[in-house]
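Labels for the chains are A, B, C and D, by order of writing; each one numbers its residues from 1.
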Amino acid sequence: MPHIHARANTSARTGRPATGLWLVGARGSVATTAALGLAALAGGHAAPTGCVTARPGLATAPMPDFEDLVIGGHDLSACPLPKRAEALADAGMLPSRLVTLTRDALEAADAEVRPGHDPARPEGSGQATAERLASDIVAFRERHGLDRVVVVDVASTEPLPDPLPEHDDVSLLTAALADPDRAPLPPSSLYAYAAILAGAPYAAFTPSACIALPALAQLATERGIPFAGQDGKTGQTWLRTVLAPAMAARNLRVLSWSGTNLLGGGDGATLADPDAVGSKLSSKSRGLRAVTGAGTTPLHIDYVPDLGDVKVAWDHVHVEGFLGSRLTLQTTWSAYDSMLAAPLVLDLARLLALAHAAGLSGPVPELGFFFKDPWGSDVHDAAAQERMLSDWVRRTAARVDAR
Amino acid sequence: MPHIHARANTSARTGRPATGLWLVGARGSVATTAALGLAALAGGHAAPTGCVTARPGLATAPMPDFEDLVIGGHDLSACPLPKRAEALADAGMLPSRLVTLTRDALEAADAEVRPGHDPARPEGSGQATAERLASDIVAFRERHGLDRVVVVDVASTEPLPDPLPEHDDVSLLTAALADPDRAPLPPSSLYAYAAILAGAPYAAFTPSACIALPALAQLATERGIPFAGQDGKTGQTWLRTVLAPAMAARNLRVLSWSGTNLLGGGDGATLADPDAVGSKLSSKSRGLRAVTGAGTTPLHIDYVPDLGDVKVAWDHVHVEGFLGSRLTLQTTWSAYDSMLAAPLVLDLARLLALAHAAGLSGPVPELGFFFKDPWGSDVHDAAAQERMLSDWVRRTAARVDAR
Amino acid sequence: MPHIHARANTSARTGRPATGLWLVGARGSVATTAALGLAALAGGHAAPTGCVTARPGLATAPMPDFEDLVIGGHDLSACPLPKRAEALADAGMLPSRLVTLTRDALEAADAEVRPGHDPARPEGSGQATAERLASDIVAFRERHGLDRVVVVDVASTEPLPDPLPEHDDVSLLTAALADPDRAPLPPSSLYAYAAILAGAPYAAFTPSACIALPALAQLATERGIPFAGQDGKTGQTWLRTVLAPAMAARNLRVLSWSGTNLLGGGDGATLADPDAVGSKLSSKSRGLRAVTGAGTTPLHIDYVPDLGDVKVAWDHVHVEGFLGSRLTLQTTWSAYDSMLAAPLVLDLARLLALAHAAGLSGPVPELGFFFKDPWGSDVHDAAAQERMLSDWVRRTAARVDAR
Amino acid sequence: MPHIHARANTSARTGRPATGLWLVGARGSVATTAALGLAALAGGHAAPTGCVTARPGLATAPMPDFEDLVIGGHDLSACPLPKRAEALADAGMLPSRLVTLTRDALEAADAEVRPGHDPARPEGSGQATAERLASDIVAFRERHGLDRVVVVDVASTEPLPDPLPEHDDVSLLTAALADPDRAPLPPSSLYAYAAILAGAPYAAFTPSACIALPALAQLATERGIPFAGQDGKTGQTWLRTVLAPAMAARNLRVLSWSGTNLLGGGDGATLADPDAVGSKLSSKSRGLRAVTGAGTTPLHIDYVPDLGDVKVAWDHVHVEGFLGSRLTLQTTWSAYDSMLAAPLVLDLARLLALAHAAGLSGPVPELGFFFKDPWGSDVHDAAAQERMLSDWVRRTAARVDAR
């Protein structure tokens, strides 16, 4: 079997060729959990529960192993990963035992975090900024002799940018990026552009603009970069995309699907900002309407700081059955949000490494399983997405093996 | 396209060849709802919401139309269908409007109900009893010039019979059935045997023994009878077989799945009997363990008469996620149980007519979608069952069309 | 025992002296349910379940009996009470049987409904309008020879008016009311003023401004009019004022109390209007903060038309216990809102008749049990309010008996 | 103010006269939490959240302060308190920080734990056993120069004993206790008898027989011993006794109250034993029937080991309202059970010390607030119990002050 690793370099860590995972928002809750979790898996301190790619059937594809992933990233925060991990342990989310066991790995990962781009502190033209960010990624790849680096955006949710003609046209965009007096791209899109410049496969775990602007998507596709998004589907939305198709298969008619989310934590504080909530809610509702056909879908996100990193979601589903009868389903979901997200971030790193090794470029619709707003696909049904994913892994693995 | 109807007779009702639906327990809640619903659909008073076979994709298969189904059956109860329907309307389950609109059809169906077999009142040997029951079915078929009659058991749940060698061996069974001093089969199995004698495709919507005894299954298969079961999967169990595979696809580990059912109604009163509950609970738990792998699955069925025909089910699912984290999902399901069951009974009539027209015999595992304890299949995953069903309908339709 | 009825007149209906119940919003859902319910109680077709004043202990106070209440009112709607009742029966809320049995009584009540005041169609000065409304009430009292008429506002929730100096000062208000070019009072307050002019005890079941403007409250008090309010406490808020004091008695510390309401129905449509929701939400939150001391109390009201007259409310209570431990309580409440409100409206009629007979004037804080925002009282604790109410009934009954 | 402390001795710990708290089941989950909590309160590391006696209004009564309580007890387990505390911290229930901070105090308390009575290992006659147990209590009192020792039974739930004439008659009982060949009392009652012999006020936090046998209750009363019970009311039952009276105050009619408890932990394992569950369920149901008048009250306790020390309780309340309408309330309660129980155990120590100082003897019905099955009282209404308790504290405090 031809090996997935194109180059001969090997990672300092395992002696095998390694893959980079570059996290935008590398010191956030999801990123810290992913970094600690990766160290725990690599160290044999935890099983890969919650990692889709560890499922029998998928696990044998020629993807990098967990212990062959090396973490780095960008962030604005100065709080080092080990300290953030301790705070998350004090809050009851991360097990203290694992924080102790992975301290060295977290320190090593933290040493690979570079200052992010703060829109409040311009760094010259957009092009210059993106080049600076891209050079951080390239240096990381070279420093560690990595086969490739997958960039995953897990930074705070941004407000959606106002539409501009530059977003749809590569040459207009290039011109505006070169102009130090203009800022045609929001930070998340600058990061996506940096990934393109660095030749790095890319995933958007946030609902921010990211690479979803047509000009950027076109550029990425032209330059042989596979990408996937958008907005990690981890809890309430996932549940909805499980339940709604099941109702449809029974020919039951969903009349309304009402929901409330309560969350504290970093993401909760961001989402307390109505602008940011706007992009999140519209991302959640798009999927819900598409998948249920319900006419009424009220949805709220409330910031409840005392819940810490727990997210509680209540759904009330009102359904019409036989002869106009009514039935109701209520669900209450309670989970540490980042604990759901982090393993999927590791999955995306492995799967986009696979896509890249297979020579794919452009959006990968078969990764829609991971996202609320799947790029390149209209399928929201979680079971259908799971089949698409499994089939794709098989096909793509064969393609890599055949190289 | 060759027509599904093998014989030239036409139904008095529509002028087209018709199919019989013979309900064991024809005056029960599910049966009454099915009869009224069929009349409402045939009369254009209601849409087939809740009928799986009315879904786009399935609806075009060469099955009998709703208006081509004619209802008859066996019951011990003397309460005529229109009266039972009124009672169900008073209880808030059936719309009064529809009871009024379908009164004639319900009276017609009730005229086709024959006395059932009461085990407390022996009718001679088992063979004699089954022949009497079979002759009721055959007379119904001939009276209406029906293409075929599908028998569906929707009678009260029985206690499971003690195992006997006769259940596993056709010749032992035949001998015992001939002996007026023995009663080797419980009523549900006598009805199943009668269906076999009448050459009628058969479905067990109840968890009773029915045709699930090896000797009966063998006989049916030999005589070209397709059959399906067992125990209609309508509410809580359906929900579980939707949710559990979705958890597994995320590589989440279900630790415990605890549940409580509250129900009034006729079925509730029966299930208040610990013996009957035994067969129901074991049927529900089998599926749950198989589908979740959870170690702990406590389950209760409580008779709460003031709930009438509503069933309320609460589930508490405790799940291990990434790094040993815990998450919980609670669901509360509230529905009129018979409103969920009745459209599936109509579906089974149509689908078994299709199976019979296609010349299938023996258990039809692809109908597992409809059952808690699917015969001939280990698949409990509702989404997987749905695909199996859709594929089977397509294949079987082609087979019928090719005849 | 001296009789509560001050005058010698007797009602046409029972031959005994009767009391009027004048409903502002007389053709709404709450009013229709109250009128139908009163007729059902008077006719012996239903028990007074849900009526607080029918509880043993309270029932013997010298209040008008249910059959001694006569209904009239104002509304803008032209849909007669019997028709509205039928619509509510079709929606599954009112029992059809009772609609049939009470048709005559509903027609009689409907004949006593007079056109309300539509702010979009001025009727001259505020004074003129109020006098017209008052004269309707007085004519009703005289037509039926009623001892007294209690006015209860159950009209649609209004937006809260902008504050004016006239609201705080009787003479400023009087002047402005006389001016045909000014409209110092919103409709609900014009109705309250009309009640004052008619000498009628008054209750505000809505969160609208009503009599809660200082100048009106002063006028009412001066003119010997007892009044009570505000905003009927029927479901979720009631539950909160039951649970929160119980937590406090255990010295448990509520951290957050988050809630969502889903409702269809007439009130739901009104509350879908953000202005109207504002007054309702602020009324609900005032009580919640006061009663729990929770720092975070997000609350939503969503209009979900398919729910019809059902209201579903979910609460999530996050509590700190011993040694910083956390506990959660979730409640889901599902009820026909008007079915909860209507018996309390009848209670208020009886209790305000008692207050009036006892010669009380001004706000009656002991009726705070019935309201989300109790006038004249800071007590929200439902159990404490219940004791205050019971004590007050005893004391006031003694006062009436002593007259 | 005359001091509550009758004797001049002072505790080694605070230099003030101290009170003993002798726990039967001293190394169990509730006891460990109480011991750790007491140390945390005494050391100023935690606020007395969850302690009823720390509420303003009650806190000033002449009871021993938290720091004046000294802990000892009996247990069969050999696992020392600090180790049990660590296990409870690992399970996520106790904060690790507090386990560290209170280690010395827990070691000191553990040194005061004496071997309990194991019915499987007879120690001679019942009298001899009880005297041995009593001497442990007396020695503890003298060793620490304690004013008094309050005994609280927090041992595992026992099966209820078969009724015997000895349970009702002091002289029969005395004779049987003297006979080494008889065992007329179950362990919990032997402990209660030992408390009587030691002159110690006594509380039964468990549903076991304890002092609830008439002969023992008579003896205690004769010997000047105040006692209270039975079966701590901490979670689901407490909630029911809050909600049900509130429904009654609204004249709503509870039709059924259905419940399920899921629990792991030590108590869960015990309750998995049908015999032990029997006593617990009957204790819970007695209160529920008494307080709601509901006809149907199914209740289950399921052992779900993966929940650890968390208890999850779901209730479904079906209620009849106005005109036969139906409403439902569902509650889900999730809490660490021992965290609810432990502060109440401390409260009982303080309140029974107060009762003893006031010279009370026999059952103290006003402590019914704390119990599912309140001795000497028919009041289950939590709000009414709270008033009875507050009034009693005031009265009893005055009595102590007047001594």
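Going forward, a contact is a pair of C-beta atoms (placed from the backbone, for glycine too) under 8 Å apart; a residue touches a chain by one contact, two chains touch by 3 or more.
Just so it is clear, the model here is predicted, and its values are computed rather than measured.
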Number of hops, chain B to chain D, where each hop joins two touching chains: 1
Euclidean distance of C-alpha centroids - chain A vs chain C, Å: 52
Rounded Å distance, chain C centre to chain D centre (Cα mean): 45
Where chain A touches two or more other chains, by residue: 320, 328, 330, 332
Chain contact topology (line, ring, star, complete or other): complete
Sites on chain B touched by chain C in the complex: 92, 96, 332
Interface residues, chain A side, partner chain C - complex: 255-256, 258, 260, 262, 295-296, 298, 300, 302-307, 312, 314, 316, 318, 320, 328, 330, 332
Chain A contact footprint on chain B (complex, rising order): 33, 36-37, 40, 46, 48-52, 54-55, 93-95, 98, 238-239, 242-243, 245-246, 248-253, 320-325, 327-336, 339-340, 342-343, 382-384, 386
